[in-house]
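Below are structures written as structure tokens.
Across the two complexes that follow, chain A remains constant while its partner is chain B and subsequently chain C.
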Partner chain A sequence: MKDGHYIKLTAVYFFAGLVMVYASYSLPKWLPGDFVTAMYYGSNVTLTAEQEAQIRACYPCQEGFSRYLLNLLSLKWGYSYAFLTPVSDLILEALPWTLLLFGGAHGASMLFGFIAGVEAAWRRGGWVEKAGVGCMTIMEGVPEMCTGVALLMLFALWLGWFPSSGAETAYSIYSAIERIWDMTHHLALPFTTLFLAYLPGNFLLTRGSMVMVLKEQFVQTARAKGLPPSRVRYAHAARNALLPMFTRFGLRIAFMVTGAVVVETIFSYPGMGTLLYKAIGLRDLSLIQGIVLISSLMVLFVNLAMEILYGIIDPRIRNAYKLPA
Partner chain B sequence: MHISFRHELGRDPWFITGIGLGLVLLLLAGLGPVFSPYDPHDISFRPLSPPSADHWLGVNDGGMDIFSELLFGMRNTAGFGILAGFTALFLGVAVGLAAAWFGGFTDQIAMRLADVVLAVPSVMILIMAASLFRPSPVMLAVILSIISWPTTAKAIRSQALVVKNRLHIHAARQAGASGIYILARHLLPELFPLYLIGFAAKARMAMFMEASLAFLGLLDPARKSLGIIISFALKYYYMDIWWNWLLPPVILLSLLTMTVTFLVISLEKVFDPRLKEAL
Partner chain C sequence: MKLEIDNLTVTYRNNGHNLLALDRIDLTLERGRITALVGESGSGKTTLGRTLMGLLPDNSESSGCIKLDENEILGLDEEGLNEIRWSKVAMVFQNQAANFNPAHRIIDQVAEPLIQRRNMKKDDARQSAGDALKRMGLLNHQAIRFPHELSGGEIQRSMLAMALIMEPELLILDEPTSALDAMTKAFVADVIDKVRQRGSSVLLITHDLDLAQKLSDDIAVLYLGRIMETMPAGELFLNPMHPYTLALGRSYPGVQVLRDLGGIRGEAFYRITHQHPQTGEKAMFHNHIIGPGSFHEDRHVPPAGCLFQPRCTQADGDCLLKNVSMINVGDHQVRCLRGGIVNRIELKGVSKRYGQVVALDCTNLDLRAGEVFCVVGETGSGKSTLAMIASGVLLPDSGLRFFDSIDMDEWRKKDYKSLAGRIGVVYQNPSQSVSHRLSVLDIVAEPLRIQGIGGDRKETFERVKKALADVRLPSEQEFLRRYPHELNLGAIQRVCIARALISEPSLLVADEPTSFLDPSVQAKVLKLLMELQTEKGLTMIFVTHDIGLARKIADRVGVMLAGKMVEIGPSSLVLGSPLHPYTSLLIKSAGGNGGGMVQMNAEPAKGGCSFAPRCTLADRACFWQLPPQVCLDGSYHSAACFRPQVTDNECFMENKPCLSGAAPACCN
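Up next, the complex of A and B:
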């Protein structure tokens, strides 16, 4: 039964992925005109109807969906007319930076938010907890666009402690350690922005669910057994507060991607977000299409991985699909 | 029951702050055209001139009065949020109530549909659609609400299922009330607090999305929006304009989302029976 559940999950996500690919295949076809009109629209060449028909016959533009799918799998994602480079090259170049920034900020904010939330719930009613909840509620209200601009003004422009753009110092010859330091230095501001944006949500959610868990009887039992408080907190109680955070992650990741795009743009970080921003500015449709498709397929993949993770984290879910013997 | 809620809300500092800020911002947004000293599209002033008695926040690179731009921008951003919030709420309530009341097949279809909409990274489709077709802001708000209704629908459905089995509903049925009557007179008003939460949460998300999409250049650049103002000002951030051009829209946008966040958090605290004990 359990394996059947995972197969079903994978099938649902596979279907969702196909829907995305099909949307990206068919949406541009609704646009008025075709590539011939697009290529010759602004040029000095005026085509007669006969010539237009000839060019159309030369380029069979109506490729089928199966062909499109095959091209997708073999990294033929089209050609960017603004950058005069294959779309796949541009995306693969930008992807590692985004993974570093987005993944790092997510991991850090989940870890810190979780620990802080657990500790706050444990110290419920104290002034530390009240101040923490107050600060986090205020921070929850500030969008990353605003945090980003504020950090940029303060630390890059006014104090000059951190570089305002890029991911590395250009044309520099560094040893490996210097290079890592340089990358960290560039990463600091965008990373902090995203970290501050994601932290409050994780904190408030963990605290809320942890307060509920602490009322359960098994926590009292664990305490009565004389276990050290940290063990009661983490091994017994906190495990139960873990699931809501993962569920929320899955629900919100798509909206977070938009925020990350804005933050990357503010700091000119050479990731997918900045690439998307440039592509939109230049109206480079094939590049926009490629970025949107690839990133949404990745979001789907992450969501699937999360769903499988739930089962590992929370035995209640894993066992829910088992038939009683 | 509602009186005690009102009392509780009235004592919550987050709610009071949120309502106070919200009223001020709504007033500014609503009366923006009255307050604004100039037409925000008027480009006849000296570009990049610093703040003065004539132009409280100076003039931008295109020769437009920044204070007027700001008022109109906030009006658009807040309006977008309110519109998207209402449409999403309407969809969510309609689907959620129908699923809970009719149950069975309707419920199955509605909830599976909600799961699919939640699973597909629909914001990405939105970005793609916005870059291909350049829809009007109203259209975009509607698309956004089509993407974001499922969470509200699920919350409404689960609460409606609870209310549906209460005694007074059974009594109403026994008395011969029709389904539509019970839905309209009992279920709809009794779930009222959930609407507030749903609306505020969606409106917050929509304002944030509007600012982001405008910042990225996916909306008409001639339409004033806080995101557009930030994006244009950021191009000149190294000049001495940051405090009169860049900072005001940043603060205004933060205040806008912060207000709604405070309201969401305090409403959830008071009305969600599960969270009630936690906070």
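Up next, the complex of A and C:
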């Protein structure tokens, strides 16, 4: 690949990023109501139009897009009226939790699903494979909301083995190791929910593409070369079954924030999903804009990363960029 | 290294109807020899290769033995097979590009067996792989590419490098040259030859008969999973013994082949074995031969009969019923009840004089069933005499004639009609060879009436109409009622051809049969004749002045000069690289070249070569001594000449008995 390609790629993504910034700036404004109506929505107080205007006047109105853009560049992400905290602080606080939960669940389900899928396809026709495919297909049909609620009720509320909410015990003073244990303890249920939600897809996808790859002639060649079976399975067959799985991973990671809303809400996990849920409820414009922006930039970034990684996973794709002169 | 395959049978299970891919194969691969395996697709060639690698799919069953240096390798487990694979037996698979993993670089895939099997260090292995690829003509920058970045030829060479990296003792090549350009093909052939010289044995599975013939030492012909013929490689085109080998050779557009492509009649079948009750009997396993579009109930072929029988043009009743085993015929082994291709007509020392004129000097000629033999030569050289003697129309002064191994003269005396029904004759002059008192219908129907095989009026009528349609003549009532004087010469000639073919003869003797036809009709009539050759095994003797025509249709060509057959051999050799100066002159003159090349009416020398007075190469001996027989190409191509035009690199033998037998020992 030529350098020109990277320059072009960066330019395209920069432009797309600009569009994203504008969209994340303007779209949340279309939400009906604002934080003033939201503030008094649940209470018995009914404001007259005059009172509303007075309250609104206490807060400076949001400036135009160019101003917003300049602020973004100087890392001023605005101020949350609902939480009375800078938006950037809120996001920086929530983002690591989401990354931990989702990155972990995705990574684990991918690794496990991949290996299970490869081994299942290798033993095609055996009872292990048939049972695996059956179970996973049923699991694929169960939405994460159901799994989440079921796990919550069983292990947190009934058995009480795991905490039902939060990411760590509040106001506690722990040593580093104790803290990690505490976090893991909190993480267990939401992590398991997501792991179970993503595993079947990864398994079925890998098995499916692996079954196709195993029919390819180069697998036969690898066997003919007298290579150890694990080498044939992973270096030759699985290596070429990687792509669909990788695509799925990329897509899922890109929609991490929106995907997080349900599970994080069920387990009251202080991640981006919960934050977004609250922000929309409170019509906290700056915060919504910030989260939407982060999430859309993440989509872009993952896309860019995938585009580059595709070429490494499958060298044939690299040449697909070369247009005929 | 020696690999012995003994009684190997492979079936693919498929819901009770099992496909029989290989049936009792016996084959020995010797050290330092290339064995080519040829046959149509579906004959089990690739299955054999994969069986040797232990790479049969799960739904297959195999029995028999495969012994590699006395060790049984059939039925070894994966671990045992991995010991043998690539280090002792390596295979170059078909469809090369698909055999490389698209995600790894070529050099890594070539080096992989060294790293994994020989525990070599990665750098050393890559070094060796790079060297191996370099020997195959791949540069370093190509070696580090990914498979999709290389061309087909480069991939093929990489595949060879990969197969040879562990220096296997047996190399199996599955279609190594398909879809390669001629240069790469030659390179690959050289590489394979080097492998042989190194002492490895090679199993070459190929459709490329030219390659098989040139490169290999032995050839085995596979049909429906059985070996039909094994032979020394050089004889593939020159002397096939099994009708299938002959038909296969005719279907192949070889570089040297001049004649139009023939084919094999019928469809390529496949075989299944299964179990079901036959009428009134209990369930038993038996074979079927299944072709596309047929119900297997129609095709119960008893396991005893010959597999090729449904498509064979010389099959008789025994072929359907009797068990066929391999028989030795010369260097060949042939699985044919009739001992290989039969001789349709044999002439032994026939001669003919008209007064003082020797029209035909003592001549031998054997024609095999389904062969097209063209007789060429200048006018008055005895072509027509030879043809008419062969057809039984003319009595020779001396010599013996055999038709289907039966003495023709005795047969003629006993039952002339049945002999005449098997030989169709087209005479030289069409207008004189039909009676002007008979209508077209009567002319064409006459052989049927005389031989009494026409059936009733209606059937005769239908057969006449069909025969006329075959030679592209109208078959309406109006035309059938016409008389010869109402037709032009071309139409009369076609009526003659229709008359010759109506009794469905097995030998057609035709003297200038298309001389009055325009090119388009001639092409159609010739196509019909060639089709009859493929479908019915029609043997033809064609007398023609038209060298171009002979090129297109002849399997063998005989060149006549003053009553002698001075050169005879496969048409590609006789017309491609003639030995006799007279043949060269004929070919040159046929191109329409003039320029004082040809002298007519030269007084022939007494006792010497008749061509001597006109020959530019002639010396004293040519005028006074009978020229010797010169044999080339395993004695299938011979000429009577002192100064044969042998190109430098060809060696030739003098005075060795010639199989094609132009000038027999009896005529001294």
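To be clear about the criterion, the second predicted complex is superposed on the first by the 263 of 325 C-alpha atoms of A that agree within 3 Å, B and C clash if a C-alpha of one lies under 4 Å from a C-alpha of the other, contacts with A are read in each partner's own complex, and residues count from 1 in each chain.
Everything below uses one rule, namely that a residue touches a chain if its C-beta (ideal position, glycine included) is under 8 Å from a C-beta of that chain, and two chains touch if they have at least 3 such contacts.
Everything numeric here is computed off the predicted structure, so don't read it as measured data.
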Fit or clash between chain C and chain B when superposed on chain A: fit
Partner chain in contact with A:281 - chain B first, chain C second, else both or neither: first
First, second, both or neither for A:228, with chain B first and chain C second: second
Chain B versus chain C as contact partner of A:152, first or second or both or neither: first
Touched partner set for A:217, first chain B, second chain C, both or neither: second
Comparing the two partners chain B and chain C, which touches a greater set of residues in chain A: B
Touching partner for A:127 - first (chain B), second (chain C), both, neither: neither
After fitting on chain A: smallest Cα gap, chain B-chain C, Å: 15
Residues of chain A at both interfaces, chain B in one complex, chain C in the other: none
Touching residues (chain side chain C, partner chain A) in the complex: 53, 55, 58, 78, 81-87, 90-91, 93, 95, 98-104, 112-113, 116-117, 146, 148-149, 162
Complex contact set, residues of chain A against chain C: 125, 216-218, 220-229, 231, 235-236, 239-240, 313-316, 319
Partner chain B, residues of chain A touching it in the complex: 12-13, 16, 19-20, 23-24, 27-28, 30-31, 137-138, 140-143, 145-146, 149-150, 152-153, 157, 204, 207-209, 211-212, 215, 251, 253-255, 257-259, 261-262, 265-266, 276-277, 280-281, 283, 285, 288-289, 292-293, 295-296, 299-300, 303
Residues of chain B defined as touching chain A within the complex: 14, 115-116, 118-125, 127-129, 131-133, 151, 205, 208-209, 211-213, 215-218, 227, 230, 234, 237-238, 242, 246-247, 250-251, 253-254, 257-262, 265, 274-275, 277-279
